[in-house]
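The structure is given below, and queries will be raised subsequently.
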Amino acid sequence: MANEKLLEIKDLHVVYHTDEDDVYAVNDLTLSLDKGQTLGLVGETGAGKTTTCLSILRLLPDKIGEVTGGSIRFNGKDILGISEEEMRDIRGQEIAMIFQDPMSSLNPVYTVGYQIAEALKYHSTEYKTEQEIEKRVEEMLALVGITPERKNDYPHQFSGGMKQRVVIAMALACDPKLLLADEPTTALDVTIQAQVLKLINELKDKLKTAVVLVTHDLGIVAETCDSVAVMYAGTVIEGGPIETIFGGENHHPYTVGLFGSIPNLKVKTKRLSPIEGLMPDPADLPKGCAFSPRCPKCMDICRTTEPPKVFEGEHMIKCHLFNMNKEVEA
Amino acid sequence: MYRMIIKRLIMLIPVLLGISFILFTIMYFTPGDAARLLLGDSASEEAVEALREQLGLNGGFFERYFDYIGNIILHGDFGISYRTRNPVFTEVFTRFHYTLRLALTAIIISSVLGVLFGILSAVRQYSIADNVITAVTLFLTSMPDFWLGMMLIIIFAVNLKVLPISGASSWECFILPGFTAAANYLANTIRMTRSSMLETIRMDYVRTARAKGVPEKKVIFGHTLKNALMPIVTLVGVNMGWQLGGTIIIEQVFGIPGIGSLMIQSIRMKDTPVVIGCIMFIAFLSSLINLATDIIYAYIDPRIRAQYVTKKAVKA
Amino acid sequence: MKKFKKFVASALAAVMVLGLAACGGGGGTSETQAGSGGTAETETTANEILTQETAAAADTSDGTAVDSGAAKESAKDSIIMGYTAEPNNINPGADSKTNAQMVVAMFHDGLVGKAPEDQSVIVPSISDTWEFSEDGTELTMHIRDDIKFHDGTPLTVEDVLFSLDYAVSQGLNASSASVLKSWEDVGDNNIKITLSYPYKPVLQILATPGYSIISKAFYEQCEADGTNFGMVENGTGAYTLESWTTGDRMVLKAYDDWHRGAPAIKDVEIRVCSDETSGALMVENGEIDFFIGMNNADRDRLAANENLELVDAYSAGTYIICMNLQEGPFADNLALREAVAYAINREEILLGGMNGVGSVTPGPITPGYFGYVEGFEPYPYDPEKAKEKMIEAGYPDGIDIEFKVASDSWYSLPAQVIVEQLRQVGIRCDLQIMERAPFLEETQEQLDYEMCYYITWGDFPDADPVMWGKFHSECIGQPMMNFGGVNDPEVDELLLKARTSLDDQERLDLYAELAEMNKENVWYLMVLTTYNAVVINKDIEGVTPIPAGYYNPAFYYWVEA
Amino acid sequence: MMAKSKNIAVSPNEETHEVKRRGQIAQIWFRFRKNKMAFAGLIIFGLLVLVAATAPLYLNFERDVIQQNIMDRFQGPSAEHIFGTDQFGRDIFKRVLWGARVSMSVGIGVVVVSLGGGAILGSISGYFGGMLDNVIMRICDMFLAIPGTLLAIALVSAFGNSIPNLMLALGISTMPKMSRIVRSSVLTLKNQEFIEAARSCGTSNARIIIRHILPNAIGPIIVEGTLSVARSIISVASMSFIGLGIQPPNPEWGAMLSEAKTQMINYPYLVYAPGISIVLTVMSLTLIGDGLRDALDPKMKN
């Protein structure tokens, strides 16, 4: 089971065409996820995490966002190649997504019950009649800890945390094989964050759903994920099973920086060490390694040549630092 | 809800009084003598003077104004038309239904076509259809309505002879004027629908709906339109209000004996009670329509409904 | 145009018929006279008619003058008439405008009526016989006792006396009311009207819709219960008012007991056309059968339409340029007025301003009206002479003047041509196109203008009302009257003489003399007169030109459905 | 003493604003230029303005524009008269060209009146707030409840018919709307720090409004002003159409249409050129206005 690949992304390129420039949001991204596993997608804001999720669902903004290269395989099927009809069947039923901001993810003019039922209505083979759907909605609400009577309430009658539970209920209503959770807790209070995460974890175990958890909170990653991919400027710069990222010796300077910039209660640090500088403008990426302008260990080659992917078992690092002594992918 | 309605109605009173005062002032200072106009060119000075006395045109400004407004407040009497000697409201009501029919035709045309083309334009953004619609919209907003009316008459009534040129005797008579009156609002509605749709289509909840695998049609007409409609409802309401008072020149072009024609005629004849009566009536109606719009708005948007219905805030 | 030619021909015929009738000792009754009207050719006839009408009328004292369309078979019994302006009300005395008077005349009768074929011929109506006293100051009229109002109540002498009281108290009759001094019941269903002075056209006055006979009881009833008398009717006329949707239409039904015979056309609808253009299109498309108020711009097109006919009547008015004689640059500056007279080119004004419809009229009286001066020569168009006169007037470098005109196209368009012609000789006009209300107030009541362009108007085809109103000093400051401000004792005297004379030739001479004086002094500059054409479906017969515009469908019939 | 401290405190403030604004203008221009439609509008409008401004160089008002040649009336379009001649035999093309002068200048005049009045009322209302604001805004409400065309008609009837009166009447009838727009701009600015700063230095209210608030509120005002000119050109034409606007022989487009109204069935060519001129002008102004709005506030753009 662990070896069965559910999601495989290869060399994905996504460009946003805006009025002024072309924004290279995802560049040469490669990822994979096994069934029932949890992948943590980590990176700063603007690193392309959300774009990656949207690409998987093929929900990039119409006319603006475009996949310019690479492939996404879900359950062995090339998602980018299938028709819109087929894709719609996958959405909601096989892949579901939880968006970052629960406040705006629910349609204000429909009751929450209706919005959960909707996913079932269009896909589910299991819940067909109205009663079955109603029952399932109530079941789902109960599952996420909301009294089923509230299904007729409108979103504005719920608080943020409750809304996120509704969103989760909605996402899981059809028992999807893959759940894309795009920073599901960022917009929430810390206490509620924990509840929501716990909920996702419980449900994942219960329903055997694979999860892509997008976050920039390494603590969460450590708690929930089986593997991790660190993204920077639209590409994965380091990835592998959780132990290789949180343990191990060799890390990408950016990952090091990322870890350094969060307070650690166990290790006494005098002060946090933030990464200097800002993410490069994705419309105007620097030559060579995208991280080079900010990299404390930057070398000449970094500014001219794109770094190769260096593998160390399942652990991958995309950096010139490790290029000399490790096997290099062609 | 009722409190809101009552409050809004009460707030209307000072506005109506203000309107009456503004118009009374303007009409007072307009040259020309209503009595002379009524009797015609060849009437004698004495006859004119007698009529002037009879109509109460000889008093001072404030005396006449307070007389007028006093009658409205105390007796609900809006006076009689100097021109026909009929009560003002008889005059207004015999004309009003024409304007109402024109306004409704226009509003139906502009709303239905406006929303449809607006959606089409938004859904197929940057397509040929979108560009054509945008161009037509721009053209419609740039056209003086009377010129459009003239062109429509030349094309449909004179050359093709398929529609009547003027008058108000059958429903066909309202097609050309309806289109003419609708043109500007049609353009507005298209623009508004388009931008509102585009804005809503980008909303997270629309993405959520798509992520659930909701069919595109349902996404557009359910999730997006229902939200995008809200500003459009307001626009339709405002349009309706303006249509009632704004078809003056179109009524002139197409010879519809509506309230606009009555007002122009009354201004020319210095028929002050009718002018003020008409405008107060229109202002009152527009306010009612605005109120209705707000109620409809509340009906569509549960968030606003909640404000009026109950104050209970549900916390998790 | 076809119709126009036809009626010119018939007018000529009328001259001959009338001549015969006169020779035959007054044997002619009104219905034997063929259609005539206000053409230039008929003015002499008009005079003759006036001399012999009394005798003619007296001969029809059996009271069975049947002259309505009833005598003919009509192929269709309904008609839709279009009018560009709706009456403000149908109270006989309240609204002097043609549109109101036309409708009033359909509902009511006067003491006497007019022959449908010829407006200058007086025929019996509510009064079947009448007689003037020797000195012409007393008129005894017999009132028919078999006439009923629309509500079925019989018409009495009391109603007639009341109607005269009512009529003279109405503003619009002011100019004519002074002729009528008193009226009384003299028994045997006779009334006696005493005149202030001998006045030949008094029967013409009594035949205008302003002197309609109304029901006293009905009027008092309206007063009592607050009904708006201007929105209802209870006359004795050919039609009754079925319904009136203001701003849209009036629906009329024939009154089959009409004493002039049941009208052949039973249902009449008077539609309000928003403007001249749409009215023209409606008559073209057959939406209406009869259109009054045609714009000259549409004339050629309608004339060419083989389903339609134009019925042309000379307008009852003459368009005039007025220069303020009381104050401003034109007062006391004859040379400047002469400069204007030489500067205008009437033909161009007629073409550019009226689309060439009508004719140039140098004299003060409209063709077809009693008092029209034939062969009257105006100042020739001579810009060079005009420039000389400008120097003579003391304005070698030209002059800036204010030119006021009412906004209706038939005033404002010719005015624009005049402005242009005056500019050529150095008179620079500031053209002010005004709403009618302030225009009338400023130009006619306050005499607050330098130059304006307006119209004279004669309700009935006689020179007196027009000439008296325009030239008599007592009429200064009265609307539609002497707004030029002519103030000349000699003129006043001549006017009085012409008014009270019983000798037609003397009157004609006097009016010719006045016309000459007007030309010499350039008080009013007569420019043109136009046709008041109605456009009708070619299958309607019986429509004759009526200069004052009081068309009555009671006399019409259809030859084909 | 006061004056001195003002200099110290305010001048740098103003300068920085100046610098910022210049940068903004360049940015706005950049965004505007990228908007092809708006730029096309600007070019069309520019050409129209050029035609209007230079008309006296190639046309003689008396000889070409108002002189009648009655005998040449209603000549259809030909090489000599490309849009034909009107009922007084005047060349329609030349009149339309000259009409651009009249239509545009009156249209702009109307906006100057309404913008001027609106800026004064709106800024007073927004800046001082309270009772004054309430009174001004309620009066605006009353005026807004009266249909604009009708108010203008009534005002022109009252004032009398002339170009200044027409501009005044149309200006007054659009003033309430303008006041509201200015007021809302002022309201958003009034509590910002730099205004507080100016106020704390004792700058007079009038100076704050004129030097600090209005220049910063200018964006939406310019947009509204541009669109307003477009609407005013239509309003002026409408007024002329019903005979209450520009008086003959002055060639204004609406007045030309009004003259053509009775003749349009026989000579439809009379209504084409003036109508299309109006559409073109209004369209170009609308494009510019919309473009400016997008350029000033890129967030608004879809």
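Chains: A, B, C and D, in written order; residue numbering restarts at 1 for each.
Operating definition for what follows: contacts are C-beta pairs under 8 Å (C-beta built on N, C-alpha and C of every residue); 3 or more make two chains touch, one makes a residue touch a chain.
This structure is a prediction, so every number in the text was calculated from the model and none was measured.
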Inset, instruction - Give the identifier of the chain nearest to the protein's overall CA centre, each chain being represented by its own CA mean. - result: B
Legend entry - Which of B-C and C-D has more C-beta pairs touching across its chains: B-C
Legend entry - Remotest chain, chain C as reference, centres from CA atoms: A
Legend entry - Distance from the mean Cα position of chain B to that of chain A, given in whole angstrom: 52
Legend entry - Length of the line joining the C-alpha centres of chain B and chain C, rounded to whole Å: 42
Inset, instruction - Would you kindly tell me how far, in whole Å, the mean C-alpha position of chain D lies from that of chain C? - result: 49
Legend entry - Residues within chain C bordering two or more other chains: 275, 281, 435, 438
Legend entry - Multi-partner residues of chain D (each touching 2 or more other chains): 157, 160, 261, 264-265
Inset, instruction - Scan chain B for residues touching two or more other chains and write them down. - result: 30-32, 125, 158, 252, 268
Legend entry - chain C to chain D touching residues, read off their complex: 275-277, 280-281, 295, 297-298, 300-301, 348, 351-352, 355, 407, 409, 412-413, 416-417, 419-420, 423, 431-435, 438
Legend entry - Complex interface listing, chain D residues touching chain B: 138-139, 141-143, 145-150, 153-155, 157-158, 160, 230, 234, 237-238, 241-242, 254, 257, 261, 264-265, 268, 271, 275, 278-280, 282-283, 286-287, 302
Legend entry - Of chain B, residues touching chain A in the complex: 125-126, 202-216, 223, 226-227, 300-303, 306, 313-316
Legend entry - Contact footprint of chain B on chain A as seen in their complex: 54, 57, 59, 61-63, 84, 88-93, 96-97, 99, 101, 104-110, 115, 118-119, 122-123, 153-154, 156-162, 167, 170-171
Inset, instruction - Would you pull the chain C residues touching chain B in the complex into a rising list? - result: 88-89, 94-97, 169-172, 174-175, 228, 230-231, 245-249, 271-275, 278, 281-282, 285, 287, 435-438, 440-442, 444-445, 457, 459, 477-480
